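The two complexes that follow have chain A in common; it is paired with chain B in the first and with chain C in the second.
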Partner chain A sequence: MELLIEKGVGSMKEEIGILEARQSQIFEKRSGEEQQFDIACDKTSLSGSVSQRACVFCGSRVVLYPVADAIHIVHGPIGCAAYTWDIRGAVSSGPELHRLSFSTDLQEMDVIYGGEKKLYRSLVELIDQYQPKAAFIYSTCIIGLIGDDIEAVCKKVAKEKGIPVMPVHSEGFKGTKKDGYKAACSALMKLIGTGSTEGISKYSINILGEFNLAGEAWIIREYYERMGIQVVATMTGDGRIDAIRRSHGASLNVVQCSGSMTTLAREMEEKYGIPCIRVSYFGFEDMSKSLYDVAALFPDRPEIMERAREIVRDEIRKYYPEMQKFRSALTGKKAAIYVGGAFKTFSLFKALRTVGMSVVLAGSQTGNKDDYRRLKEMCDEGTVIVDDSNPVELSKFVLEKEADLLIGGVKERPIAFKLGVGFCDHNHERKIPLAGFVGMYNFAKEVYESVMSPVWQFSPRKGGL
Partner chain B sequence: MLLRHTTKEVKEREGLTINPAKTCQPIGAMYAALGVHGCLPHSHGSQGCCSYHRSTLTRHYKEPVMAATSSFTEGASVFGGQANLLSAIETIFSVYDPDIIAVHSTCLSETIGDDLQQITKKASDDGKIPEGKYVIYASTPSFVGSHVTGYANMVTGIAEQFAESSGEKKNQVNIIAGWMEPSDMREIKRLSAELGVKIVLFPDTSDVLDAPQTGKHEFYPKGGTTVEELKSTGDSKCSLALGCMSAEPAAIALEKKCKTPFETVDMPIGLGATDRFIMTLAKAAGVAVPDSITAERGRLVDVMTDMEQYFHGKKVALFGDPDQIIPLTEFLLDLGMKPMHIVSGTPGLRFEKRMREILERAPYANFRNGMGADMFLLHQWIKNEPVDLLIGNTYGKYIARDEDIPFVRFGFPILDRIGHSYFPSVGYTGGLRLLEKILGVFMDRQDRDALEEKFELVM
Partner chain C sequence: MTAKAATQNACKLCNPLGACLAFRGIEKCVPFLHGSQGCATYIRRYLISHYKEPIDIASSNFNEETAVFGGSHNLQLGLKNVSQQYRPEVIGIATTCLSETIGDDVPMILKEYRAVMGSDEPLPVMIFASTPSYSGTHIDGFHAAVRSAVKTLAEEGPRKNLVNIFPGMISPADIRYLKEIMNAFGIPFVLLPDYSQTLDGGPWAEYHRIPPGGAPVHAIASTGCASASIEFGSTLEAQKSAAGYLEERFGVPRHHLPLPIGIKASDRFFAVVEKLTEKPMPAVYEDERRRLVDAYADGHKYVFGKRAILYGEEDLVISMAAFLHEIGVLPVLCASGGKSGLMKKRLLELVPDLEDPGIRVRENVDFVDIEHEAPELLPDFLIGNSKGFTMSKRHMLPLVRIGFPIHDRFGGQRLHHLGYRGTQELFDRIVNTVIEQRQKASSIGYTYM
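What follows is the complex of A and B.
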C-alpha cells in the first residue's frame, strides 16, 4: 500500500496535505508505469473528517421517498423528519403524500420510557387522516438504542387498519448510506408479491433505481412504452404501492443506479425468477444501449427492437445539431465529478466526452472496488480517482487540475462557485430532467451555460480583480 | 393542492407532528459555532446529522459550510463515543487545523451517555489539543427543545468556556446575538459603531456565511468573533442579550462566571424593539444617541405613516422562532395589523410569558408553541379564520399556494430566495426592509387581482 501511494499520488503529497489515512482512497492514473490499483473503499469515514457522506437513514429515505401514495413517518426526534421534508424533487403524477413531513417528534420522556405508544398513536391518527395505501416507518439512531419494538407496532397497526405497514431499519449509525438502500429494499420486498399479476404482458419490465427527479421516470417509461413494452412498476419514481405489490409479474427488471437497487433486483431474481439488467439513462450512448439491451431480451418480437432503433434515430436526430454547438464551445474544457454513486460517474464520463470535455477528477461517496477499477479503465492519464472525499481535497484537485466544471450535489455547489468554476447538480437538486435523450441535451445545455457564463471573468482566479 | 388533506376541524393530536415548525438542536449549535473565528463545528454523532445540517445551512446561505463528524458506527454506540471523539480531535487538528473545535452532541451520543466535558478534558490531559488551540463543547440533545435551544446552548458554551476576568474592567459592552442572519449581525455592529460604543459581538457569522467570491474556498473565512475578543467578554462592563430564548442563557452564564451584569432586550426587529435596543445600549455605554440614528428612525416612521392605509386591519399568520416572533408580532401591532395565528415549534416559558404580554393588545390571536405547534395546525387555523398575509420560512409556501395568501419569507430556513444574508431585518433599516417586503406582496396581489378599470398606476 505504501508503495502504491508513493507511485500514485506521491508527487501531490506536499502541496495537498492529504491526510495519511486518506491516501489509500485516492489514486492518480499515470502512463508509462505499471500501476497497481488497490483503492480502498467501502470504508466508514474517519472520525473527524469533513465527509460529504450521509447515513443509513438518508439512504433509506431517498430510495423510498418517491412512493407517493404511502405515508412516510420518521420515528425519532424531529430533526431527521425536518431535514428530509420535500427536498428531493421526486415528482408524482397523482397523490403527493410523500411531500409531507411526519414525525413522532420524540421527547426526553419518550427516550426514557420508550416511543412505541407514541408511534402507535401517530400511525393510527395518520392513517385515519390520510387514508394511505401503505405506511413506511423509519427508525432513526436512538430507536436502535431505546429498543422500541417497531416490528410489533407495525404488525399491530397493519392488522387493525388493513394496509401494509413496513418498518424500515435505518438507524443512522448502523452502517453507511448503502446499508440504508438495503433496508429500503427489504421493506419493498415485503410489498412485492402481495398483489395480483393479472393483465401483465409477457413483454413487461419494472424500472428500478429511477426516482423521477424532475420527471425523468416519465421520459424513460415513455420510451419503453413506445417500444411496445409494458412497464409494471417504477421503483420508486412516481411510485405507487399497488404497482409495487404486483411487480413480481414483470418479465424483466431494468436496474439503474446500481447502488440503491441491486439488492432488490437480486432478491426478486431469487424469489420470483425475474432476470435483471443494469442500465443507465444518462448520455446518448448509455440511453440507447438501455433500450437495445431490453429489446434484445424479447427476441420473439423483432418489432420491439425496430422501434427501439426508431426512437434512438429520431431522438438523436432531434438533438444532434444543438449538441454540435455545445460541443464546439466546450471542447477542451475539463470536468471534475463527485457524486453519490460510482455507477453514475461512468455515464457522466461518456456524456462529457460527447460534448468534448475531459474528466480530471472522478469520485463518489459510495463506490466499490469494481466500480473504481472500471473507472480507472475509462480514465485518461492524470485523472484522479477519490473515494469519500472532503472539501479540502475537492478544492485542491479542482484548482490543481484546472477544472472548468464541477458535477456534484448540494454541498459541492457553493465550493465550485467560490472557486470560480461552473457547476451542474447531478443529484437531488437537479431542476430539469437529465435522463433520456432530451436529458442529455439538457445536461449539455446546463453544462454549456454554466461553463460559458460570463460571470467567471469577474472571479479573481480567472482574471477579475 | 399539496396540502389538500388538511382538514378544517382542529383535533388534538396525540404525539404526531405534521410538517414541523422547528428542527433539532445540533443545527443551531453548528450555526452558532460558525460565528467564532477559525472554529470548526464538530457533530458528535452519526454521519447523517452533520451532512443534513451542512446541507440545510448551505441551502439557506448558498455558501460552503464546513463541519466535521465523529462518524458513529455500531461499535461506538455500544462502547460509547469517547474513542471516536478523541481520534476525531486528533484528525481535525492535524488535517483541518482550526483554532477551535466546537463539539456538540446529538440524540445518539446523548442517549449513549457520552460526557463531552469529561471527554474534552481527557483530550486535553492526553495532549491531543495543541498549544494555543481549544476544544469547546455544548450538550445539544435533539429530543429536547429545538434548533433554537441548540443555538443558545452553544452560545452559552462559548461564553462559559472562553470568558476570563482579569480583574480589570474594559470600556466595552458584550452584545450576545440571538439567532439572526449575518446581515443582522453586521447591522448590529454598524449601529453600535454609529452610537460610538465599543462592543464585542458574539457569535458573529458575518464574513463567514456571506463571504465574497475570491476564487478560493476559504475553509475558515475571515469573519467570526476571535478568541481574544471572547476572552475579554469577562472584563466587559456589561452584556446585552438580544433575545430571551437564544441569547439570554449565555448572558446568565457570563454573569455567573465573571460577574458581568446583563440586560436582555428583544431582538431589535421593528420600531419598538429597535428603540429599546438603542436606548439600552446607549445607556449601558453612557453615550448619547447621535442625530444620524434619530434620522434613521425617522425614515422608518416616515414609511410607516406614508403607507399606513395599506397595513391597517390586515390579518396576518406567522410562524418561526421565538426571538423573531416576539418583536415581529409587536411590530405588526404597531402597524395596525392583526396577528391572528402564531405558531412556533420551540417550547419555552420565557417565550410564552413575553408573548402573553405582547398579545394583550391582540386578545383575538391564536398562539401556540412547543408540542403540537406545527404547520398543519397553522394551516387549520388559517382555514378557520383566513388571513391577508403569511410570514415565515420557506415551508410556508405550501400553505400560501394552497390558500392563495401573499407570503413574506422571514426566518430559518429560507431555501428558495436570496437576500436574508445580505440585507438586515434588524434595526430601523431592517424595519424598512420588512415594510418593503410586506408592501410588495400586498401591492403585487392588488395588481394581480384588480379589474382592468381599477388597475392603478399610483399606489
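What follows is the complex of A and C.
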C-alpha cells in the first residue's frame, strides 16, 4: 500500500504546531472582507492526532445507557464494559439496571472459536438473574472481525425469554461516534411501535436527546407537564422500555442533542408521521424558546402557551437577581468551549453572553458544516472554531486567546487546571443539573465559582505568588 | 466460584491500560495504542479520573479499511503525526484486541517505518508491547510495557554500582518514597516506570506537550549494567518481567519481593537494599519503623479480630493480606479479577498459617461474585479501590480506599501504601475507620475514643 506520509516537519508554524492535515478543520473568524468558510468536518479522526473523540461503541453506549430497566451487555473483551461502568450521571427514578456493567469478557479461545455460545449463555443467565424488560447487546471491535452472528443469538434469546433483545451494531472501528448514535437509534426503532398507545392525549410529546444527567429530564418534563402536555417517553433519560415501545403515539418529538437523536426523530416522522422540532434546554433564552416552540404547535389550546409564558416569567424572576451578581463578576471574561455536539455550543454561546462572557474558542467532536457555519455567524471576530480537536490544539488556543474558562468534559479538565484556567464540566459526568432555568443558574454559579476562585493567584501563568 | 458466563462489574481492566500507564513513566514518551480511537480515549478518561493530570494517548484510529487491509498505513501515519505534534523521544506502542486479532505484525511495521523515514533526522525510540485485551488484565499490560522498555533499551556494559527498581503499579507517592529511600542509602538507581511527576506534577507556567518527568532513556539503557534489580509483585514471573529479562540476558541478579506493605515485607525490602548497598538502614527509616511498631501497639485493640474483604490486583491483595494478618485483622476474602493461578500459593508462602482461620482466596472474580460471598463472611470493612463503593453502600460497610482507581475521593495519586511510611498511613486509616464506625454507632457521642 502506498504510504501517504509527507516527509519533513514543514507544518510546525508556531510554538505549538498544528498538524498540516488538521489545519482544514480549524477556522479563525477575521474582520474585513468576506471570509471564505470551508471548514472540514464529518470525517474520521487523523491517526496519531490524539482526538478527544471515542468510537462507534461510545456513541451507542451513551445514547442507550440511561434506559434503566434493560440490561446492557457489552460483547467483547473486558475493557469496553469496564470503562463504561456507571460512567454517566444519568439517574433513574426506579430500576437501576443501567448502572451495572455486563460483559461477555471474551478470552483468547473465544476469539478463535467465536463468542456466540458465551453470548447466549450470558444473556440467558443475566435475563434470569435480573428480569429486565429488554436487553441491548453491544458489538465491540472484534465482533466485527470474528463474525459472530449476534442477530441470530438475539432472536433466539428473545423468543425463549419473551423480551426484546436488541443487537446494537457498534463495532468501534466502523465509523465515528455519530455512527454509534445511528446504531443506537435503530435499536430504539425496533422497540418503538410495539406498545399500546392507549391513553395518549393529543397534546403529547416525546422528549428526545435528553439523558437525565443529574435529573435534568425531570426538570424539563415538569415544565411541559405544567403546560398541560403529556410526556409519553423520554429518550433515553430515566428511560423505560414500555414507554419507548408506545412512544409512536405521541403527537410531537422534541429533540435536544440533535446529533444523537435526529436520525430517530426522522425515522419516526417517516414511519409514524410524528413531526419534530429541535430545541435546547441550556440557558434562559433557549429554554424559554423550547417551551414556546412546543406550545405554538398546539394552537387549539391557547392555555398551553399561557402556561409556558407563566413558567418562563416565574422562573426567570426567581433567578434573575442572583444572575446579576454573577454577571457583574464575570463580565469581560473569556471562555473556550469544547464539547461533543456542536448544537450545545450554540446554547453555551448565549448562556455565556447572559453572564457577560465572550467566547474565544468554540469546538466540538462531531459538528457538521451547517453547525459550524451557524457557529461562525454567532461568534465574534478572533474566535476560533475547531472540529475534532486534540489537547495540543486546545491548549494552544486556550493560551493564545487567554481564556479564563474552559467548558468541556473529563478529558479537557486537566488542560484547564494545569494552565490555571477555570473549568465547567458540561459532559456526562456532571452531578448538578445544567438544563432548565435552574440549570442556567447552576451553570452561572459553577462558572463563577471556578473563574473567580482565589486559587488561581498561585498559578504560575497568573504571576504565581 | 459460581460458573457465570458473563462478567458483571469487573474487578479488572484491560491489558492496554496498564501499558499506557507504564509508558507514562518514561521521560518524553507518548503512549500510542494501535487500534480504535475509543480505546485511547476511554483509557485516557479513566486514568484522568484518578490522576487528574493530562494524559495524552495517541491512536492509530482504525477504520473498516484498516481492519480489512491491515493497520500498517494508519500506524505509520500516526507515528509520523505524533512525532510532529509531540516531538517525543520515545513512543510507547501497545496493541489492542483489534490489531491483535487481525494479526498486524507491529515490529515489522516499525521496521518498515524506520526504512521509509530514512536517517535524515533521528527517530524517536519505539517501544512495543503486545497487549491483547482478550488475555490477562491491566497488570499484564503494565509489566509487558516495562519489560519491553528494558528489552528495547538496555545495553550491555561493565557492571556499575547501580540498582534497578521495578516496583510495579504503585502510586506516584509510593514512587517518590522509594526514590527517597534509595537516595538516602546513597546508591545510584533506575526506577521504572517513574510516573511520580508525569502523573502528579505541578502547575505549568507554559504548555508542555509531554509532562516533565519520567525515567530517561539513557537511564533505562543502563539497566543492563546494574549490579542488581529489585522487582515487586508476588505473582510476577521472571519470564514476564523486566528484571527477569535483565537476569537472563545480562546476568543482573533479580531480587523478587512482594510489594513491601506491612513491617515484615518492608523489613525484607530494606534488608535487600542494605545488602546491596552494604549500608545500614538510614536513621530516618529506623525511626519510621519504630513509630510504626509503636502505632501498632497503640492501635492493636481497635483492629484485632476485625474482618476485612480485600480486592484489587493480585499482588496488591497478597501484600495487603499479609499486612492485615500481622496486625490481627482477618482478610476473610482476598479477591481479584486477575487469574495468574498463583495468588493462593504466593499468599500462603507469605503467611503459612493464613488458611487456618478459613480465609478465602478468589482469583478471576468480579464484584457480583464478591458481593455474593460477602454477607456470610460478616465483614467489618472493605479494602480496595473505588469500584467497591456500590457494594460498600449497599451493605453499609466502610470502604478503605487503596490502589487504583480512586475516583470518588480526592488525592488517590498521593496515597502511600509501601514501606514503613505507607504502612503507617494504611494502619492509621484502618484504625480510624474502625473508630469512626464505633463513634457513629454509639448514641452516647464519645469524644474520646
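Criterion: the second predicted complex is superposed on the first by the 449 of 465 C-alpha atoms of A that agree within 3 Å, B and C clash if a C-alpha of one lies under 4 Å from a C-alpha of the other, contacts with A are read in each partner's own complex, and residues count from 1 in each chain.
To be clear about the criterion, contacts are C-beta pairs under 8 Å (C-beta built on N, C-alpha and C of every residue); 3 or more make two chains touch, one makes a residue touch a chain.
Note that the coordinates shown come from a computational prediction; the quantities given were computed from them, not determined experimentally.
After superposition on chain A, the partners chain B and chain C collide with one another.
After overlaying the two complexes on the shared chain, residue contacts for A:Ser47 are found with chain B and with chain C alike.
Of the two partner chains placed around the shared chain by superposition, chain B and chain C are both touched by A:Lys118. In the superposition on chain A, contact of A:Ile200 is made with neither chain B nor chain C.
Within the superposed three-chain model, A:Ile415 lies in touch with chain B and with chain C [touch as defined at top].
In the superposition on chain A, contact of A:Ala329 is made with neither chain B nor chain C.
On chain A, the surface touched by chain B in one complex and the surface touched by chain C in the other have residues 17, 19, 21, 44-58, 76-85, 99-108, 110-111, 118, 121-122, 125-126, 140-142, 144-146, 172-175, 391-392, 395, 410-411, 413-415, 417-420, 458-461, 464 in common.
Contact residues of chain A toward chain B in the complex are 17, 19, 21, 44-58, 76-85, 87, 96-97, 99-108, 110-111, 117-118, 121-122, 125-126, 129-130, 140-142, 144-146, 172-176, 391-392, 395, 410-411, 413-415, 417-420, 458-462, 464. Chain A meets chain C in the complex at residues 1, 3-5, 7, 9, 11-12, 16-17, 19, 21, 44-58, 73, 76-86, 99-108, 110-111, 118, 121-122, 124-126, 140-142, 144-146, 172-175, 390-392, 395-396, 399, 410-411, 413-415, 417-420, 458-461, 464.
Interface residues of chain C facing chain A in the complex, by the touch rule stated above, are 4-10, 12-17, 32, 35-46, 48-49, 52-64, 66-67, 69, 72-82, 84-86, 96-98, 101-102, 116-118, 120, 132-135, 137, 203-207, 209, 387, 390. By the touch criterion given at the top, residues 2-3, 5, 7, 13-20, 22-27, 40, 42, 45-56, 58-59, 61-74, 76-77, 84-85, 87-92, 94-96, 106-108, 111-112, 141-144, 146, 211, 213-219, 345, 371, 395 of chain B touch chain A in their complex.
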